Each structure stands twice: as structure tokens, then as C-alpha cells.
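What follows is a set of structures for review.
Both of the next two complexes hold chain A, though its partner changes from chain B to chain C.
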Partner chain A sequence: MSNAVTALNGAEARDGIATITEVALQGMITLRGDLASKPVAKAVKAAAGVAVPKPGTAAVVGDSGVCWMSPDELLILCPYDTVAETVAQMNDTLAGVHALVADVSDARASFRVAGPAAREVMAKLAPVDLHPDAFAPGMFRRTRMAQVPAAFWMPDTDSFQIVCFRSQAQYMFDLLKVAAQKGSGVSVFQ
Partner chain B sequence: MLILTCPCCGVTGEETEFHAGGEAHLKRFGPGSTDDDFESYLFMRENPKGVHFERWRHVYGCGKWFHAARCTMTLEVFGTYPAQTLAPPQELCDAISAKRPGWSWRAFS
Partner chain C sequence: MSTRLATGGRRLNRDAGVRFSFNGQSLKGVEGDTLASALLANDQMLVGRSFKYHRPRGIVAAGPEEPNALVNLGQDAAFEPNQRATTTELFDGLTATSQNHWPSLEFDVGAINAKLSRFMPAGFYYKMFIHPRPLWKHVYEPFIRQAAGLGKAPKGRDGDTYEHFYAHCDVLVVGGGIAGLTAAKAAADSGARVLIVEQTAHWGGRAPVDGGTVDGLPVDKVVDDLVSALRDMDNVTMRLRMMGAGVYDHGYVLGYERLTDHAPDLDGPRHRLWRIRAGHTITATGAIERPLSFAGNDVPGVMLAGAVRDYVVDYGVSVGDRTVVVTNNDDAYRTAIALNAAGLSVPVILDARVPSVDSPLMAQAKAAGIRVMMGHGVAKVLGGKRVTGVAVCAQAGEGAVLEEIACDAVAMSGGWSPVVHLWSHCGGKLVWDTQFAMFRPDVDKSPLGADGAPFVSAAGAANGHFGLAEILGDAHAMGQGAARRTGHTPAKSAAPAGDSIEEAPMLPVWLMPQGASRALRSKAWLDYQNDVKVSDVQLAAQEGFESVEHAKRYTTLGMATDQGKLSNINGLAILSDALNQPIPQTGTTTFRPPYTPISMGAIGGEARGDVFQPIRRTPMHNWHDQNGADWEPVGQWRRPYAYVRAGESTHDAVMRETRNVRENLGLLDASTLGKLVVKGPDAGKFLDMLYTNMMSTLKPGKCRYGLMCDENGFLIDDGVVARIDDQTFLCHTTTGGAERIHGHMEEWLQTEWWDWQVYVANVTEQYAQVAVVGPNARKALEALGGMDVSREGLGFMEWADGTLGGFDVRAYRISFSGELSYEIAVRASEGQAFWDALMAVGADLGVMPYGTEALHILRAEKGFIMIGDETDGTVIPQDLGLHWALSKKKDDYLGKRAHLRSHMADPERWKLVGLETLDGSTLPDGAYAVAQGTNANGQRNMQGRVTSSYHSPNLNKGIAMGLVLHGPDRMGEVIDFPGTDGTVYKARIVSPVFYDPDGEKQNV
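Moving on, here comes the complex of A and B:
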């Protein structure tokens, strides 16, 4: 097997108003199907240990969980080295069901924005209300960041985890670095 | 700037998260139809000052298509509704009537 690496080899930027880090390899599985159906619920429970999340939410702990992507799509997160196994198990559970399970781990890049100014950095880039009353841990949002599609959630009250296309990883990292550059804070949420 | 609420995923976002998909409720005329019908299906569009119905896609979100009713003059969005319908829902038409009495758009009013 080839030696899998992340898009930017774990790039980091620590000298700004928030810390930007590329997240280590993350298992990601796209599941499309009828989210209200029993086989899908069963496959999700077996793969991630949680129930199908409600629209606009994610149930993620560490590198495992489920994110609600659209009315017929979920993103399953699992440890990178268990992806193949999880996909096979899900396909077994969903045999004969009109559903799709696809390993998209290597098609994506993940970043973490952390620190008290993380909200501010994100708010500069995404047209989303990121006031603490409007966006909090447990929620999940697909949107754009500057000119590229992205999705994010909050692992805790001071950090965001972003998923984007792997081919746009450098763009995303540069974008975050600029938005977090030293002295660029405006304390809008404090 | 339009603020649209996607009826598929519930997200309320500004228009750069969406993509306009042209006029709503077109009836398709394909092979075998008359030249006049085909021409009007391809080219003839409303161009209203006021109430208008359009298709939009939540392109930076859930990816789904939906319908929106809005005012081309004020950019007020009257409402959004699912793509799987041939006409705007009655309650939306009523809501528009309350704001724009006497409006009409193609066969709807």
C-alpha cells in the first residue's frame, strides 16, 4: 500500500490571532440514501455509533461521527485506517437497499482553526452568522469560504474544523492564514 | 442582496451561497411539438417589474433545487417552496397578495 499523506503534509500557522493546522488523515465516507429508512439508520449506527443527525447538525467526537450534508446525504467520519473496513461493513448492511457508500477520504482536506478569535477568522471568510447564539458546537454548516465550497463544525467553543476539497487545500490554508494574520482582530464577538 | 431560505435543508443564506436557475414553472415542449411552442419554451420569458418566480439551487449547501418568489424591484423574497410542484403554494400566493395587491404572473395571481 502506498504511503498516504495529507494534502499539505500537516501545514501549520501559529503566529496569527488563531492557530491554523491541517488535520491529520481523516476517514470520510459519503452515504447517500433515504435517511429516514431503517437500513440507513442501522448502517450509520454500526459505522459511527450514533443516530442519524438532524438537519444542520453533526455528532462528532474526535475523528469519528456523522455530519448531516443534505436531505439524502451524510458524511461519516472514522479513523483513516478503518475506512475500508467500515465501507465494507456499511455495504453489507445496505445490500439490496437503494443507497451509495463511497470512501472520499483522499478527496478531501481538513483544517482546524483554534483560539478565542477562531469565530472571527471564520466569519471573515464564510457568509454565515457565527455569533455564539447562532452557531455553536453540535451544529454543522455547508457553505463557501471565499471562493470555494466548504463545510465546518465546532469541536469545542473555541475551534472550528473545516472540510474542503483536497485540490483546494493550499487555497484554503492561505485563506485562513490571511484571515488570521497578526493584528487583524476586530473583536466583533467579544 | 437576496436572503433565501432553502426549503430542503432549512439554511437561510445570502445569494452567493445559491445559484439562480432561471424562470420557474416552464412547461417543456420537446420533439414533436410545434415550432411556436418550442420557440416559446426556449426563448419567451417573463420580465416583470415586481413579483417574479424563479428556480434556485443551493449550490454551496445541500445542492438541491427549489423555487423562490421575490420582487424584482425591491429584492424582497416572499418565500421559497419545493421544486417538485407545478405552481406556487396557495398560502404563498396569499402572502404575496397581502403585500402586492392585484399581482399576477403568467397564469398565477
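Moving on, here comes the complex of A and C:
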């Protein structure tokens, strides 16, 4: 619907050592269930076109995909305007199965941190080993960034996509701007 | 005189002059100087006054162990006190002022304390000021506080920024001297990821100053080669100006990187705190030279022998024309030889030892024509603000002066102590080494990781090895060992071969001369920064402070900002001697992080200003802000307390909003309330356990208010539960309760009821929720158009999905105000648009947004409790008259058994009532009601307290709720609430429901 807006109306910052942009509304669905079960695999395949990912990984192409959140939780990504039908479809597939499907698209904000220094900006905020040998596209991490919970993956080798709670979008954006401030390059990953 | 030599100074770029100021005086240094070397080059030996006696003090060291040369650095937003001149790199425009003196450094009134020093021994303050007791708080302490302290506190905000950085590596090497570089290379050759950090701006440490060869090459060349080899390796990260500050459990190490201290004009943060996870840490932190304890060892011009050597070799600075060297070991001979080579005079080397044959270094000094007096030492130093000479005595005697020798500097060496701080931080033990009279790391008692294996190794001088050959061998082995411990296979390689000059054994000398008189001992300083002398430690021992930890606190030995880097070992040797026990039996005090002080800014990192803490904002936050919101923090959320209009006070706004809800239409942003989806075949059973009342019988489409207790029976949350379908419930929590109750549910599901089929998801932020409240609420929703919101279509305590004004909504017919009320949930992304739509249709219906204070007053008028006001973690439902919400049909629920405990069932528990002042005024919130008599402590007995209190504009009087002894049985009784303003408030006990007790207004 045309009334829907992101938390920061697509804010961006380009004058630091990495560019920071708020990502457009993204369909997100929480799925809790038995990840080893056939109905879950079927629901995931139907919703995102991929298999259930292994722990610590994500299979994301564009705005569709699946991220591993915990031993009994996945995050399904889909285009924002198809969320309702995807949720309904998943609920159909999982009818009679003990599982929980919840639309959380509007509970979240997404940011993109891009540029050769993106890894360093992230490593200032998240207690994660971001060495290229340790974290690369295809991986997914649920963690903390400074004082708030967050999750991220790498759409390509020079950028990160971050998901956080919508209420903390301004904090996250301000935080990333501080971490990307001019002259703050660390020069450890290049 | 200290001065700059015409030649020398390996760290200097003499072509680049640097201007700086000290105490307002403009001085010149050169690029590569530290502030200390530049001050010495300008003959500024006197740099401060001591803490207690205000004695003149000069530079003693050349590194982080410096106790005296602390300065106020910078101005205004860049001001910082207590900065060590020896570790401050000089830059153009640096401004420094000396500390702890008044009115000036040269003439200081506080120096009178020095004359009184006989009367101010250890424990002086404790003994002097204990009686009479009240004087301490009101007279002595304020006075002492004024006089105490080293630097000044900054006045303004810090103008710099700071940050953290999370780093991971297999092997962390702390210390970039020859040992650290060698260990790093040995580890890196295995392919391990290596991070090596060095606190100064230079690689190589002491080795280039002390000289020697490695595999036939000069050691400074070897350092350069190692540095360039490491730089070329992809698996190695090298950082200068970064100190290993502390070692913690699980391989966690803090690194303190100083980015712009040496170049304030650079962009970016000033300091960066590295939060490192290392598989294995090697501490190659070197060693610190010990002073000798002789009378007058604090007179400016008395310095550590190694530092005197550093200033000549590294900075081309002579600390004096004539330098007397006094030592108990061979290393100080290197200083004499270096000074001699620089063309400076060394009148004598006083060596406390009496060796049978000369060691190579002794022979070299003698061959250079330097006079050496074996078995001799310093009786006392002559001079006040500057050394003018030394009185020589026999070390074996009591200090009879044999000869006076004129000099302007004294280079002393009492031997070397390995820097074991980082080794010790996480439990590494020490062993006493009798050969070098020092504590060294005990390799059999290393700091152990979670797997029981050592996770820290010491290498080189930090491990008690001093010859170049021993250092390199140890460092190479430790580097390979660290690689092995982190799962790598070290390359087959031999340690680089260093040459070690054979040295004569050192002689432990803890007091010079060994039989020094009381007068001499009273001028022999142990701790320069806190002014502790040999006589003070001896007095402490005599007075029974036998534990080293007690003696430390009684004398303040080692408690200054340098944490006893120079003083501790000498102090505990004196203590051991006084107690007549061996040094290892006395032991050391505890080494705690950080190694040297780190900035508060670095600890805070990015968390300041806008990002000091995460503030949570609802989708309508900006609208509230633009419409006069006076913010109230609720957890990390900000909620409008009231919307204040021009010309209104906040109180006026609250009154207006409260009235308007009852008369017209109010909108409340209720988005912050927690929303938890609970789903599964066992969801009903689960909620029956969590809530005190029955939830499993709730029909889909219906809502029920519920109470939650913890297992001890205390109220922890409340809220409305809506049954969505057979297996799905939506539980509303308080604003502050969403994450906490979510965690509470998960904990029970994961630990106790793991076999129940229930999933929980926190969907709080998915929805913007607006309470539409007041007589015009239905009209407003009907004006939006869409779903049926009529009395019949959506009854009280029902919910339905539908559309309103084109928005997909879930509408709940629930009321926390006693008015006709709906809470409408829409997608958060559409929250603002929905709010705008409501404001538009409400324009003709008297709509006003209202804040949390109006919400509170409205609920208090109705006698509804609020978690956090009526409850404080000690209140149970029975206290609040909520028996109706305690199911008697259920076998069990959390808190049920606890409620049976005798204290919980005690009829003496205070119970909820309403309170009304006799004169209509408002009771002070939190006031206590007094009863007759006093308790065992002589305090007035109490019989109740106010839990909520407001002025109600709808009833035009003060209304309150409170917990009162036997309250419900005492209706109409008047009790006294003394206020803090001296007034006694008289209040009548009444029903807590002040407004519309029959609930007619919400049922329309």
C-alpha cells in the first residue's frame, strides 16, 4: 500500500569511509518449527525457492531468500508486497504441523553498508570475526551491534545488509555514521 | 644542565623543528622527540611537585613507568590531566603545564609539608583526623580534598571522538621489541593469523639502544629486517602506538590504540579500544629498571640508568655534563660507556658489588678511563631542585661520607624486573628468581583457558631472559609454541642466534648503604608519585601491617597512577626485611588492568551524544516531537508525557488532555506495548501456567485481562490476551515488559516445559497501535469507514480483523480508561498515515492526542493498577484486591504455591485502597502513613504508603491509591501522611474506583 514507509524514509550517508543507506521495505517472515521436517522444507522451498540453510548461513538473492536464525527459527525474505500471500501460502503448507509463521516485515529496518572499508565499519560495532576468511557472502550472523540486537549478511564482497528493530533504526543509522566517520579507517582487512 | 647534543639521536629528524609550550613558555624541540626528551633538551629537568610533600621532582624514566613527569596536556576541549611526558610524542603546537603546585612550579607553598615530613609518616591522615569524628566530614576532608590530587579535572566536553574495534587472531603478541618481533615471526611462519602491537611509535624496543648482533648482523638492522618481513606477510597485522591494556578470560585482550595524540589535526577518532579475541597471547613486554633506595634519590637529575642511555642514544639529549653512575649490576655500565662515547663525563661508577674478577663490561668501562669504585654507593644526593653532587659511602656501612663528588646527574640501576602485568591479569603465577632478584612468570602456572590449557606465554625479558641469545631463543620457542597451540604447524627453523655478553652476577641492594641511618632512610624514596619512603614501609611493618596488601594501603605504596611500576618490588623487599622473611613469602600485590591508564573516552567508545544509548522510537515519534511532546523515558522508548501547546504548562496540558478524553476524543500512541504471539497445541495450557487466571477457556475473537506472577508469587506483568484461533494467542505486555516477558516465556519453554508444543514470537514492533478513546471514539472509526465497530458488531473485550479508512487493521475493543475505547493495530510502516487519518476524521469530534500522564490519571480514576506503580516486586495480586483474577479451577500456575506461604497469606499485608485528602489537595507520591509508636530501631511505625497520586481534572480533586494495613476494612477512616515539606496530609480511606464505578461509560 502506498501509505507504507520505512522508518527513516530511505536515509543515506555518503561522506564517510563507507556508504550507508536505508534499504527499502523488505518482506520478512519469521518461521519457527522443526527445521529438519519435510513440511518446513516444503514451505521454505515454496516461499523462497531454496532449501533450508545450514546454521550460520543464508541463501539470499535480491530481496528473496532464507536466513538461519536459530535451531528452530528461520527468516524468510520476500518482496514486501507479496508478504501476505506468502504467509498465507506457508500457513497452508504447514496446516496441521506445529509451526509458527509471523509477518515481521514492518517490525524491522534494513541498512546497507558498502565500500572497501565496509568490513571495518562493521567490526567496530559487532563482536564478530569479519576477516574475509572468516566471514564471506553466503554467511549470516545474528549478533549485537553496539547496544542493540542485529543480524547481517553480505550481498557481495564489499557490502553488508543489516536488519535491526524498526524502533532502533535512527540509532543504527547514527551509529553507522559514527563508525564510518572520515579518517577512521583501520586498514586491517585490505 | 641537561641539553641537546650536537650529534646523535636515532629517533630524531633534526631538520624538522617543533614548537611547543611548557607552563606558558615557548620552547623548541625536533621531530621524533617525546615531550620528556624535548623538555630535557631545554634544560627543564624540574617537571612537577610530589603528591604529599610537594618536593621538586624531575624526569626519572624514558617510558611508561615514569612516575613524576605528569602534565596537564592540551587546552579546552582537548584538555587532559596526568599525561606522562615520557610517552607523549611531541607535535607542533603542543601545550603542557605542570601539576600539583601553587602558586608556581619553582616556588610552591605546599613544600612546607616537606619540612613537616617527620610529623607526617605513613598512616598520618588516619591517625590525625580520626577524632573528633564529625570534623572529618565537615573540616578535614574538604580541606584535604582541595590539596590532594595531581592533575586538574577537565572543565568542558571532550572534543574528540573514540571507537571500539573487534579483532580476532590466532596469536596476539604484545610488545614490539626484538622478542615480540621474533615471536611474531616464528608464529606467522606457520600461517597463523598474528596481531602484534607495540605501545610506542617504534619497533625494536631497547635492543637498538643496548646493541649486540644477531646472526652476525647489528641488532638494529635485524629489527628493520624483521619489521619489513612481517609487513609483507598477509597473515600479520602490525600496530604501533597500541598498548596491550589487559588480559581477561577466554583469550579476551584489550588493546588501547592512540591514533591522533601525536597529530591532533588528523581526522578520525582519537583513541580506539581494540577488543581482541586471541587464540594465544604472547606477552613480550620487556622489563623495567628498578631505582636504588638511597637518600635524595628523588632529587631532579637522579634518573634510571637505562633512561639516561635512552635519552643520549635515541634523542641526542645529555641529562647532565657529569653523570655519576650507581649500580648493583653490569647493565648500568652500558650507560657509562654510552655517555663516555658521547663525549660526556662520568666521574665515577659506584658499584655496590665487590667482584673477584672484572666482567667484560667492567673492563670496557675501565679501559675507557672511567673510575670505578667497587663496594661503594651513594650516602646521599646533594642539591635541592637539581643534583649538585653525591656523597659517597661504603655500601656495607651506615653512610659515613668518604668523599663528595660533584655532578649534575645520577644514573641509578637496581636491576631489572620483567613486566609481568599482562601475564598476571588472568591468573598467571610468579616465581622468585634468586639470580636476578626478581619475580618472573612461573611457566608451570600459566593463565589457563576454558580447555585447561595455557592461553598466555611470556617471552624474552618479560619471561626473565636478559641476554640477546636467551631472549631470541625464548621468543622463537614461544612464537612456535603459540602457533602449535592454535592448531598450526610451525616451520622448521632455528632461533636467530644472538650474542650475549657475559655479565657478572647482580647483587640485590634494597637499601643503600645497607645500614642507612633513620635520617637517610627518611629521605630514601620508594614511591615517587605517592611520596612513600623506606621509613614509611618500615613503620607500617612495625605497626603490624604485615600483609603486603595491608602495607600497600596503609602507606599508599604503589597506589598512584603508575601503580608502583618502579616502587613495588623495592617496597616489598623493604617490607620483607622488616618482617625478617624472604621476599617470595611476602609476595606481590595484585596486578590489575589496565597496564597504564587508558582514557575514559576509549572505554565509552562511540557511545556518546546521539548514540549514547539506543532510544526506541515508535512510527509516530516524529509527529509527536513536532506537536509539543514532552518526552518521558519508558525503558529505552520515549513516550509523550503530554503534548504541550504554546502558552501552556505541562500540567495544563495534562489536565486538558485528561478532560478531553472523557468529554470528546483522545488518541494515544500505544505502539510500545508488548505483543507476543504464542502458538501451538499446548499454547492454552502454557498460558494457564503463566497467567494467574484461566486463558485456555478464552474463545477466539475474545480478549481477557490477565495477571502474571513469578514463581515467588510476585506480580511481574499484566495485560490483555486475545485469542486469535484455536492454537494462537496474542499476549499484550507492559511497555517495559515485552522483552522481559518474552524471555520469561522462552526460559520456561526451554528449561522446564521443553516437551510442550508451543512457539513464541515477539511481534511488538510489527504494529503501530493507537488507542482511540472517548465518547466520540466510535464516531471517529465510523467516519474512517470499513469494518463494523458498533456495540453489537464489536462488543466490549472482543477483537476483529478488518479495514478502516482503507487500512488493514486489527481492532480490539478494550479500555484502560473506563471510556468507550478501541485499540487499533496497523502495520508499523503505515502507523503515521493511520494516525494522520484519525486526526483528520477527529477534527470535528474534538480529537486531541494524549500522553502517558493523562493515561495514568484516567486509569487511576477507574482504580486500575499499573505495574511499576502499585507493584514494586514485593506486591502480590491479593494485596491489590485482585482475587478475582486468581483461578481456583486450575491445579497450578506460576505463583500459586508461593501464595500459600504464611507470609503471603498474612492478613497483616498492606492492601490496596483509594485515598482522598480532606481538603482536595494531592498527596505526595510515595508518602508513608504513620502509625502510633516506634519500632525496634526507634523509628516511627508505618501503616501504609501512597503508590499513585494525581490531581483529577474530571473530579476536580486529588485522588490516590495506596497500600494500607487492613485498608479495605477501614473505609472512611482518616490517616496521616507526613510530607517532606513539613505538612501532614490527612487522607480518608475510600474505594479505589473514583469514577463511573458501574462501568457504564465503556459499555456503550
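In the analysis below, the second predicted complex is superposed on the first by the 188 of 190 C-alpha atoms of A that agree within 3 Å, B and C clash if a C-alpha of one lies under 4 Å from a C-alpha of the other, contacts with A are read in each partner's own complex, and residues count from 1 in each chain.
Simple rule for what comes next: contacts are C-beta pairs under 8 Å (C-beta built on N, C-alpha and C of every residue); 3 or more make two chains touch, one makes a residue touch a chain.
What you see is a predicted model; the values in this text were computed from it and never measured.
Peer 1: Give one of first, second, both or neither to describe whether A:Arg142 is in contact with chain B, with chain C, with both, or with none.
Peer 2: A:Arg142: touches chain B, not chain C.
Peer 1: Considering only the touch criterion stated at the top, classify A:Gly96 as touching first (chain B), second (chain C), both, or neither.
Peer 2: neither
Peer 1: Check the residue A:Pro127 against both partner chains and state whether it touches chain B (first), chain C (second), both, or neither.
Peer 2: both
Peer 1: Between chain B and chain C, point out the one touching more chain A residues.
Peer 2: The partner with more contacted residues on chain A is C.
Peer 1: Identify the partner contact of A:Gly62: answer first if only chain B is touched, second if only chain C is, both if each is, neither if none is.
Peer 2: neither
Peer 1: Using the superposition described at the top, list the residues of chain A that contact chain B and also contact chain C.
Peer 2: 127-128
Peer 1: Going by the contact rule set out above, which residues of chain A touch chain C in the complex?
Peer 2: By the definition above, chain A touches chain C via 1, 3-7, 25, 30, 32-33, 72, 98-100, 102-108, 120, 123-131, 134, 146-148, 165-171, 174-175, 178-179, 181-186, 188.
Peer 1: Show which residues of chain C lie in contact with chain A when the two form their complex.
Peer 2: 161, 163-168, 193, 237, 266-269, 272, 275, 277, 605-607, 610-611, 613-619, 637, 677, 679-681, 757, 759-761, 763-767, 806-808, 827-830, 832-834
Peer 1: Going by the contact rule set out above, which residues of chain A touch chain B in the complex?
Peer 2: Interface residues on chain A, with respect to chain B: 55-56, 69-71, 73, 127-128, 141-144, 149.
Peer 1: What residues of chain B sit close enough to touch chain A in their complex?
Peer 2: My answer: residues 8-11, 13-14, 16-17, 60-64.
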